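The letters A, B, C and D name the chains in turn, as written, and every chain counts its residues from 1.
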């Protein structure tokens, strides 16, 4: 890309600030002071004239800040760039005197923090969007210790939410022809069932698998979220089977079911800005269009909160002593292996798991976070799978149980509404039967 | 593209509304009532579940509304979707009791019109961005007659401004290899020196010309603004010469000057969201990178307000009777042709034009709108060109005068600041000399 | 593209030769002598070392030769670069003494003209393929007057035939998003029903039309051949109706028939290297895949030889005097307009046309060249269309008759074999009925 | 891609043949007989009508043949498809009676094996080119044991040579954004310094490295040959240093030298069709254009034949007993490690290596195959590097010596000519000095 001397000179200014050369802007000042000067210039009329150059300079600096400098920068952003009090008071007074729409609009405008405009101008630079998303990724873990940063988070989230509108996202099919610099990020970001390098990835992109990701045009090398799908005959019941099975090329034409076995967010800075909902539904539509044999669309999902709840449940008095004895080893995953084939335990754990997913709530919503996500999307609970995840993690979290959430597009809207309005948990017949037996 | 039955059913609902079938949503209602229902559903939790389907339905409807239905729709949008009064009053009260940052934030949030969220959700649909930009293009000419629509315009402008951030725009080189569906829009949108079809366009895209446009990723077939450049030896002085000259393939390697002879906005709905500033500077950088021989970057610009001002100026008493007699025919362009070679008139008109551009102001800024644009960008006034535009329009507007505004990247920031802060008009030596003779 | 000084110096040498500077290679020689030197160097070991540079130089020169220089160059190519006699005689002797496979191979190799190797080396240059195809396009019209050039044509055709193997061609869908530099070539090359500029082209690329072209990867800007298709309900009977009708967007989903109404070769230099056969069948397959409603695939074709044959036929004694009187005006197209509605004439002409297509042969093949092409491809004769082409050309050629040739993929192989082996002309039932009535 | 039922039916025929269903073509015949039938049909007029379908069927079959079936197929191809003797005899007779150009042309044509036309028709199928290149890759190792296959090789090489003309190849820059399916082939094909998986590859594609490959448009997923380049300060002297060093991002702007440290052929079926010559020179040009600081272009090359020659040389009587004792351990690489720092040995080995490269010849060309390749290309011998390759392979082959061959574009043509015509080995001053000391 061509960058003229003119732009370079401004960017170099930024680099000099970082190197402590500080010839420009303010020779005697600290780095922090110089960043402050740059931010002020970017918000001033100079920002208008120098276009993307000042913004590029700030972006360059942000990339090079160390951990403490970053905190300083965020605190500086928090302490400055709020709306001035007098201006607010005047706007309130005017509105109270005459509650016209104009005065309301002024009140809204005058209470907006100038920080948002600063961020908008930083976004003008190449890589500006990425910089702001990364800034928020750095900020979020600091919030607990530095609650004063919440305003900065607020403004970043507001803008990012607007910029990452669904209408701007591109759904991209990921396969073995995808550029390696994208693929390596999938390996890095896979959160649910981690990948052991390129061979593992290659298998997950074979002809009996599908993978889709959302991208934003301003961050073309950064997947935002991706979902991994297995094409199967009937509902998959074990994630180890899915991950370790040989490629079955026939599935491409013969599969009747698509199993969404992993959804991973890639950008910490996008927390709270949900795409998973859109992603699943859009991928269902894509798959329907590509593979006309597919009839079922379901997840194979972990139940991360089951054992934690079960531990406390056994401490209550609803289970018999025998039942508690039966369960005990399953809450101590080290012993689990030998007990895997105990049919009594399987039955009891399945019933308790059904109870946990269907009845146990917090704030009127299911306690399990994954259940909450899919039910809120309008999915229904399908089948419970004993030995669904036999990895140490799966044993510890859910005594090996996994669950299929079913996505039936013609019912998601209704189920979503009922879940939100009436707290109604939708479930498939098969599940309801187990659930009823439980009671 | 694949659209599932599920989405189709919602989109068909929209089509039925338009056709008056009205089986869905509200069988007994008018079209307007049904659109209202759709908007409410889109803003409700249903909008979350049905994702892009409801939005697509509204987008489809918007495309088919006739002129009156569009006004009805805009008025509906204006009358609804404001923030509720009670909510505002409570937020004010809380802030006044405790002017904390939290309460300020709540005050800002509670005064925001829900209309913005409605637009954000419409934007989720394919073609949603285009629909909203077009809606604003329809709205703007109605504002005078329907001032109640200003709020809708406000909200649209706010969102569009955020979404069309410079960081999201792509600079694209337009040439004869560009797809025809883009090129035909250049013919349609060229506002400054209109094109007579494809042969004319082809000449303007030859090897001694350049053309660049900004695009937004959500509107890939719609140029937002484009600039046409001629590669020349020295400053160009006549736009007719530029437009009618044979292709000079040597200019690609030998030109020392790039003349920006036309900048055209393409989207009425983006009025007030300025890209021209960025476009010119970025194209200067691109050209510097591509063609290392280029030394000068200047416009060949019209002076649209000159004759209008001159007419009123002759009515004052600052000119002698002889001068007024000399000028008279030039204010009556029908006679102009025969007088083109009168050297006395040329000298007087050049001096008056220099005065007009340099000294005549309104609200402390140059009266001429094109001068205002370029000087604000940080350009300086260069050379005045008698017979620069000998077309009827050029004669009528400016008695054939055109002007070169010069873009020197190492000076634009300083000149921009001085113009904004001190009202200082920058000019090249050559121009200043004429200007001084004038006084 | 980057071209180093090193390559430039060789290319400049070529340019100097053209300018007569002749500093290089041979200062005192004529242009022709210098070209000869260049050809010799390209064939020598120098050609191996200088890689594409010498070839580029020759390509550059070829572009600048005037008509006479081109003839000189072709004659030079014809007079040189044949296999040396002695070498041939030795190879024959060796083979006759011992007709082994090795000696046969040597005989084949030793009889090959070195000219082919020269052309292979020219082809190494950027644009080399295009240069050789153009050279043949220049050569072909000269063959009659300069029969000595046939050898050059032979060698070019042999190489081009090998390089333009079907496996190397790419089928490309042409539409309104195609780059303008390609589209303008369609306007230029359309041979069957000429286009009146861009508006006409745009209509032919609308949603109820399709257009496909073959490209060769070494000539990415040059379509080789293209076919235009109309999507219709039932067989189209009039080309004027096809060309002038309004766009019918519903056809994209509702059409049951695809009409191939124009096939145009673009490269004179590819004469005798047939792609039309492949193109039609491949486009049928593409359309079947894209538009599942399509049931019929047929042409709407001219019958260029009908009137010529009819004129001679009326001079025989097989028609009655009344019939001859009835036909007379149709062989004088100036009077045609008033007679268009004469039903008796329509019937007689239809019958005679059926006879002409089905029975009249030359060298055991149908006399009509278009019929020959499609029947050889395995198509069958479908319907005859009175007033199918009411243009002056259509009236003059075929008294307004056009014909649909039908492509049924499951029968083309059989029909092609029968046509070639037994001379059998395939026809649809409807046509056979008329044809039988004729006898 | 769309493949119609019609094509599918022919392809299925091929699959049935393989499965032994043999319903088509010849129910009672063996697989070999059925392949023979298919080949005959492809060469007959049926091949013309069925276009790519028969070819696709053969391509499909070729992919599934086992080792013995492949030999059978190749022997079938060798035993059939030669030019008929009578036809040859007639052509010879005609030529001898009248040695006209027409008769010479006929003689050339009539001696051509129909096998070539069969291959041309196979090439029409998708993946046809790849199939034929693979067929030759299978054939070449069989030649020794099955000399009767040489004719098939001849015909394949002739066609492939024509189709893989330099003008059809595309130079592609390979980096970390290249699709993974291409990159994995680089790992597989790297022949010189093998790669340990993806991390190793990633390092070789970092910003201080370059990689380029040739591709053919008919085999878009198959690199033909690729070269790996390191950007360095001064000539690189050790390949281990190159491979193991940390990424030095500054080299992109500061390197003055480009080191070609590995060139790998990817397609066994292209043996004898040399691209390396073109590739190096074109990459030199690309690098000159991209990185203006580069002044030197050189290889860091193995000397594969040095130790083998040295062993026999020590058996002669030109070395003193002391020298032989000094050398002995270096011809037994197991002991090498401890001796690496012996300066006397270093000096003697360097001198002998210089002698080997510069003076030792076979058939008037340097005995070392790598030296032969680069000197023939017009390169000159540069510096000898003791401990240039300290891997076991490097120790065994060349007692750790490596050599830089220098590519100076302004001298390659002259040096190439002198090498070919006079057997002159070009060398840089530095090398010549050592070389002279040797004598």
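Here is the rule we go by: a residue touches a chain if its C-beta (ideal position, glycine included) is under 8 Å from a C-beta of that chain, and two chains touch if they have at least 3 such contacts.
What you are looking at is a predicted structure, and each value in this text was computed from that prediction instead of being measured.
Repeated interface, listed pairs A-D, A-B or C-D, reference B-C: A-D, with more than half of the contact pairs matching by residue number.
Averaging Cα coordinates per chain places subunit A and subunit D 49 Å apart.
Between the Cα centres of subunit C and subunit D there is a gap of 38 Å. Subunit B and subunit D, compared by their mean Cα positions, are separated by 58 Å. In subunit B, no residue touches at least two other chains. If you sketch which chains touch which, the chains form one closed loop in which each chain touches exactly two neighbours. Those residues of subunit B lying in contact with subunit C across their complex are 176-181, 183-184, 197-198, 202. If you check the complex, the residues on subunit B that touch subunit A are 2-7, 45-46, 48-52, 82-83, 85, 88, 92, 95-96, 99, 101, 104-105, 107-108, 111-113, 120, 123-126, 128-129, 151, 154, 159, 162-163, 165-168, 170, 217-218, 277-278, 281-282, 284-286, 288-290, 377-378, 409-410, 412-413, 416-417, 420-421.
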